[in-house]
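Listed below are the structures to be examined.
Same chain, two partners: subunit A is paired with subunit B first, then with subunit C.
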Partner chain A sequence: MTPFLTRTRGRQRLHWTDWLAYAYLCLGVLLMFGPVLWLVISSFKTERELQHYPPRLLPYVQKMEKVPGYSDPLPVFKVTAGPLAGQEVAQVRRIGIVSQVVRPDAPQTIVKVPIKDRKPVEHVALATSNYAKLFKRFNFFQFFYNSTFITVVATIITLLINSMAAFALSKYDFRGRGTVMALIIGTLMIPPTVVLVPLFLIVRDFGMIDTLWGVIIPGAATPTGVFLLRQYMLTIPDEILDAARMDKASEWKIYWRIILPLSAPALAVLAILSIMWRWNDFLWPLIALQRQEHFTLQLALNSFRGEFNTDWASLLAMTVLTLVPIVAVFAFLQKYIATGIASTGGK
Partner chain B sequence: MSDLELRGVTKAYGAAQVIKGVDLHVAQGEFCVFVGPSGCGKSTLLRMISGLEPISGGEVRIGGEVVNHLGPAERGLAMVFQSYALYPHMTVRQNLSFGLENLRAPKSEIAERVTAAAQMLQIDKFLDRRPKDLSGGQRQRVAIGRAVVREPRIFLFDEPLSNLDAELRVEMRGEISRLHRRINNTMIYVTHDQVEAMTMADKIAVLRDGRLEQFGRPLDLYNTPDNTFVAGFIGSPRMNFFKGHVRGGAVTLDAGTTVPLPAGKFQLAEGAAVTLGIRPNGMKPGNAGLPLTVASVERLGGESYLYGTAPDGTAVTVHSPGQTRIEPGTQIALALDADDAHLFSTDTTRSLLRKDA
Partner chain C sequence: MLKLITPFMQIVDVPMRALQGLLGPRRLAWVFLLPNLFVFGFFTFLPVILNFFYATTGSDHILLQDRPFVGMTNFGQLMNCQSYLDPNTCQIDVFWRAVHNTLWFIVLQVGFMVVFSMITALILNRKIRARGFFRAVFFFPVLLSPVVVALVWKWILQDQGALNAVLDYLGYPTVNWLLSPTWAFAWSIFLSVWFHMGFYTLILLAGLQAIPRDVYEAAAMDAASPWRVFRKITLPLLMPTMVVVMVLALIKGVQTFDEIYAFTGGGPGSATTLVIQYIYQNGFSAAPRLFGLASAASILVAIVLVALTAVQLWITRRNANG
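For the complex of A and B:
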């Protein structure tokens, strides 16, 4: 890995193209990875810190101290001017521009300090409460389950029916095969938003509105998937199928035992595409799902955004949690994407 | 009983007729080779016998029963393909047992038969390897093994050796012949290589253009070809053909020479246009006879071949035993051996040999 990353054109010194290449690559890393990093750091900031101006990179929290006589911990400030200058005090309450503070060693005596004369005492710390809140106040696991169920089941169904269609279109010679193929490819030219209303009406008539199946079924057959798999299956020699027929394999068995295992690289590509699409899908679930207990993660994220105020801390924490599975899937399966696409229609 | 009988079998793709009525009977235990130039329909015919290709007309009978409407699996045949068609994702063992599993054979029997077949074909060391880890010859053995384990009524081979190099081809040829002697099943073997046909076959079926040109034992085809096509196809190098006319019990060739014919051997009509066929070893360089301009000489050590043209432009190949002194560019005379000559009608290309003679 290291020799690969540090490969240069110049032998001893860096060639000017090396400088350019590295500069370009660093810019790319910054552009693509920067926002994600910012998101992750921000998800560990308190709501107060998120509102802080100017924004700071690291998450800070204010020091809190338990003072005898007060039930809740009090925020700690450092006084910068006046008689208490240089001392740390706990703020009891704030009235207008005046802050009422006590010294921790003399909790009974309330001193009034102008707010411009005090500075919060802060240190870097992760506000994990954002995440804890997701699980306590919102039903995160329900959303996670809904998203996972839709993604997994829809991907399995997609792989199954797309591969069956692709098998028929690549290995059986029947009248109208070209027309069917053209129709399937043709649907790629219709934007999904155009069919949104008719699709809604159909799904409603089937009684699938506000069920997870109402999200899964309409998008199960994809033209891209059929095309991708068909192109791959065309490369499987017909003689292997003939050999299986001589071996008394039924057509189903040929599909299941011969075609599917041999199409594994293309299936992996389609699985990755399907998982990413289903997991990130927003528009159709928004239309098909109504009750909150059926919401996917993406819909739940949306519900954090109100018209007047937005719970940014929860939103960011949940965004991070939503990203994790898709990053994991991509990290483990990304090598199939390159190999699979290279060996299907793309070459 | 597992003989094979074809009765007026035809195959048409739309208007194009590929197999134009073939009648054939292959007896139980015979090794029959379908031979012919590419595009003659021999592979199609084999696929029709196997059931992979539907039959447009006529009957295919196996063991006396009509199998036209049975699928490939129900006919009880096994096929070895040109590209081997092994299942790439399965090990050799799985490749061999796949067919038996589909027949729902008991596990112990599958293991037993796979082991026996693997030992017979000497692939028992590779049973757990994938086809991609095997050499061409080993893959070919696995493909044959896959056919053997099924214990089929008839074996079908579709040009199984054409992907192998020359040396391996000779070796596998011997192996398939040994296999046939050992299990003594009916085998149908398709090839375009007439040497394979001559060396392996009990019976050869020569096909051209979807028609059966001649069917018989290899030497019968060699000695008494029915027409010029079979005469030219069987035997290597191919037979020389000279056009001429019948003149008083002899043939006057267009090249100018007159060749006397054995009396009573051929059906002769005075003045008829005929084609005289003489194999390269039926001619000898001599003092008098057909003049030949030698264009090139192939010296193989033990034997030599002369290539040249007759005065009328006919290309001629002459076999000469031993080493010859004749140089390219010289004019020689060829003595034609009329006893080994074949005579065909130029119009119908059919043999003029008297059948009763």
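For the complex of A and C:
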């Protein structure tokens, strides 16, 4: 059996270093996936279960039973001592350390059981109460809308103006092209983190502080995007453009009928990067957005994080809903993202 | 999607055609550049220049005309230390504590990052099963948002969290991780490495795969030991990629803010306050808003970043030239 299991494709036995490699990788899976999985599982636990220490791996839900004569379903307990020992009962109410219970088959007679003599009857199930509460108590859809609006609009604007600039820089020979290129290279060195104060003043002067546009516009012209697109457009042969000019196509038409479709792969990479930057963006929105109704998901998550008491039930559900869209989109595009990020240095 | 774009593009075509007739196709290039240059100009170049005005003026007014000129006072205050090694002797001790934290943070973070992404890349470069899956596993945290990453680990490290439960189960004393300055700092580095490691692993993996096969075949002919092959072939041939990884990690390390701020809020006390958080707090979160100090500090950070980027460009160019 062992030789069968340990045989590799090359029909050789695994070397001890292979075992070490697989051990490392499995540890990696545990360490990289585990925490996120734990968060997702936790978000499906009831608030009571979240208080449970030590935490249990799977989400448990207490069995509820509909008892005639009571409008709401009642929680079910198993009695561990006393005359009812071993029986399942439904709790009507709890007063201090005494719980008033009924037997489901005899709902009229209320029996008193000390709370230490009863144990909840539980089964594994996903509780959606945290999500329900999130939608009811917090303006989740507003945050979701803000994040989506910023991500979508900013990505469209970024693609449009960066591809226009890349077109000009790759297909026209004009005076000052070198200067413009040098200026754009220069901006690579200046991340927004070092110009926060004056950027705040300028965005304020444009009347865009505390608006979604104040988040969208300042980062729309990315040097990375211009570079990526320009490098790609340089590979498009000029003859195609000249042929179109022969047919009296306007320059704008050449741009959007020829250049844009031919640069689709590069545009896709930039779109993916832009979606990722915008959806996950934190520091500038934190400064530019002030009222809660303008918060993005990231800001809302951060504002729920209290110093000492955190409403983990809502926070966990919201974290899951924040990471789901990006993970879902990128599960399908993994290959492109990896190459895109590797080829541009991530920013 | 195309149905939405086409009418828009056709509408834009009308004024663009008119402009083309007016300017000629060559000068039309500037029209294509205009929106981008507008955004760059107002939101990148102008702020860089204005930053110097803020850094040389005082008071908590945001409008420049209300701010009195103070010369180099802000820089003087920031740099006023009896000993740069001890933040307590500095006039603005929080800034120097943040500088010290950032230095320790980047040294340790970049160190661990390079070591672990190197090990991971070497293992992923072997002939292993399900390589694509394992590569994705190490890469996926890169896609998460900093706030999500911070919350994922906060949930595990909280007082009644999973880690303490495991320690409890094994019979070890539990620790209130994020209330201890040392532990909070250590976990901040861990979290940052966990978050960004996949990105550097990917770059190193590409570097490893670019090493020509025949070099290894020659080594196999000479029956060189694996360790010797690693030291004499892999490591030297991978060195250029390693240097790029280190410089990139340094540049990003200096700018770290999001995940640590969402993780610890800079605390306990100022144990995990980094330089960017100092700038943010001075300019935007705590009153009085000392924009001058924030700007002066950000210029100091910018100088470091420009130097690091220059090194990076120089190395990439040298690598490209062979």
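Points to keep in mind about this one:
Everything below uses one rule, namely that the second predicted complex is superposed on the first by the 240 of 347 C-alpha atoms of A that agree within 3 Å, B and C clash if a C-alpha of one lies under 4 Å from a C-alpha of the other, contacts with A are read in each partner's own complex, and residues count from 1 in each chain.
The rule is short, and it goes like this: contacts are C-beta pairs under 8 Å (C-beta built on N, C-alpha and C of every residue); 3 or more make two chains touch, one makes a residue touch a chain.
As the structure is a computational prediction, the values presented were derived from the model and not from experiment.
Upon superposition of the two complexes on subunit A, no clash is found between subunit B and subunit C, which fit side by side.
Using the contact criterion defined above for the overlaid structures, shared-chain residue A:Met164 touches subunit C, although it does not reach subunit B.
Number of subunit A residues touched is higher for C, counting subunit B against subunit C. Looking at the shared chain after the overlay, A:Phe33 reaches subunit C, while subunit B stays out of its contact range. When the two complexes are overlaid on their common chain A, residue A:Val113 makes contact with neither subunit B nor subunit C. Judged by the touch definition given at the top, the superposed model places A:Val215 against neither subunit B nor subunit C. Judged by the touch definition given at the top, the superposed model places A:Ile258 against subunit B, while subunit C stays out of reach. In the superposition on chain A, contact is made by A:Asp173 with subunit C only, not with subunit B.
With both structures placed on the common chain, the touch criterion links A:Leu188 to subunit C but leaves subunit B unconnected. Looking at the shared chain after the overlay, A:Gln298 reaches subunit C, while subunit B stays out of its contact range.
Centred on subunit A, the angle reaching out to subunit B and subunit C in the chain A superposition, using CA centres, is 70 degrees in steps of 10. Of the two partner chains, subunit C is the only one that A:Val327 touches; subunit B does not reach it. Superposing the two structures on chain A brings subunit B to within 9 Å of subunit C, judged by their nearest Cα atoms. Shared contact residues of subunit A, touching subunit B in one structure and subunit C in the other: 250, 253. Contact residues on subunit A toward subunit B in their complex (touch as defined above): 237, 239-240, 242-250, 253, 257-258, 261-262. Contact residues of subunit B toward subunit A in the complex are 47, 50-52, 71-73, 77-79, 81-83, 85-89, 98-99, 102-103, 146, 150. The touching residues of subunit A, when paired with subunit C in their complex, are 8-10, 17-18, 21-22, 24-25, 28-29, 31-33, 35-36, 38-39, 42, 53-55, 160-162, 164-165, 167-169, 172-174, 177, 180, 183-184, 187-191, 193-204, 206, 217-221, 226, 250-253, 255-256, 276, 279-280, 282-283, 286-287, 298, 301-302, 305, 307, 310, 312, 315-316, 319, 322-323, 326-327, 330, 334, 337-338, 341-342, 345-347. Partner subunit A is touched in their complex by these residues of subunit C: 5, 9, 12-13, 16-17, 20, 25-30, 32-33, 35-37, 39-40, 42-51, 53-54, 62-64, 119-120, 123, 126-129, 134-148, 151-156, 158, 160-162, 165, 168-169, 194, 199, 202-203, 206, 226, 248, 252, 255, 257-258, 261-262, 265, 276, 279-280, 283-284, 291, 294-295, 298-299, 301-302, 305-306, 309-310.
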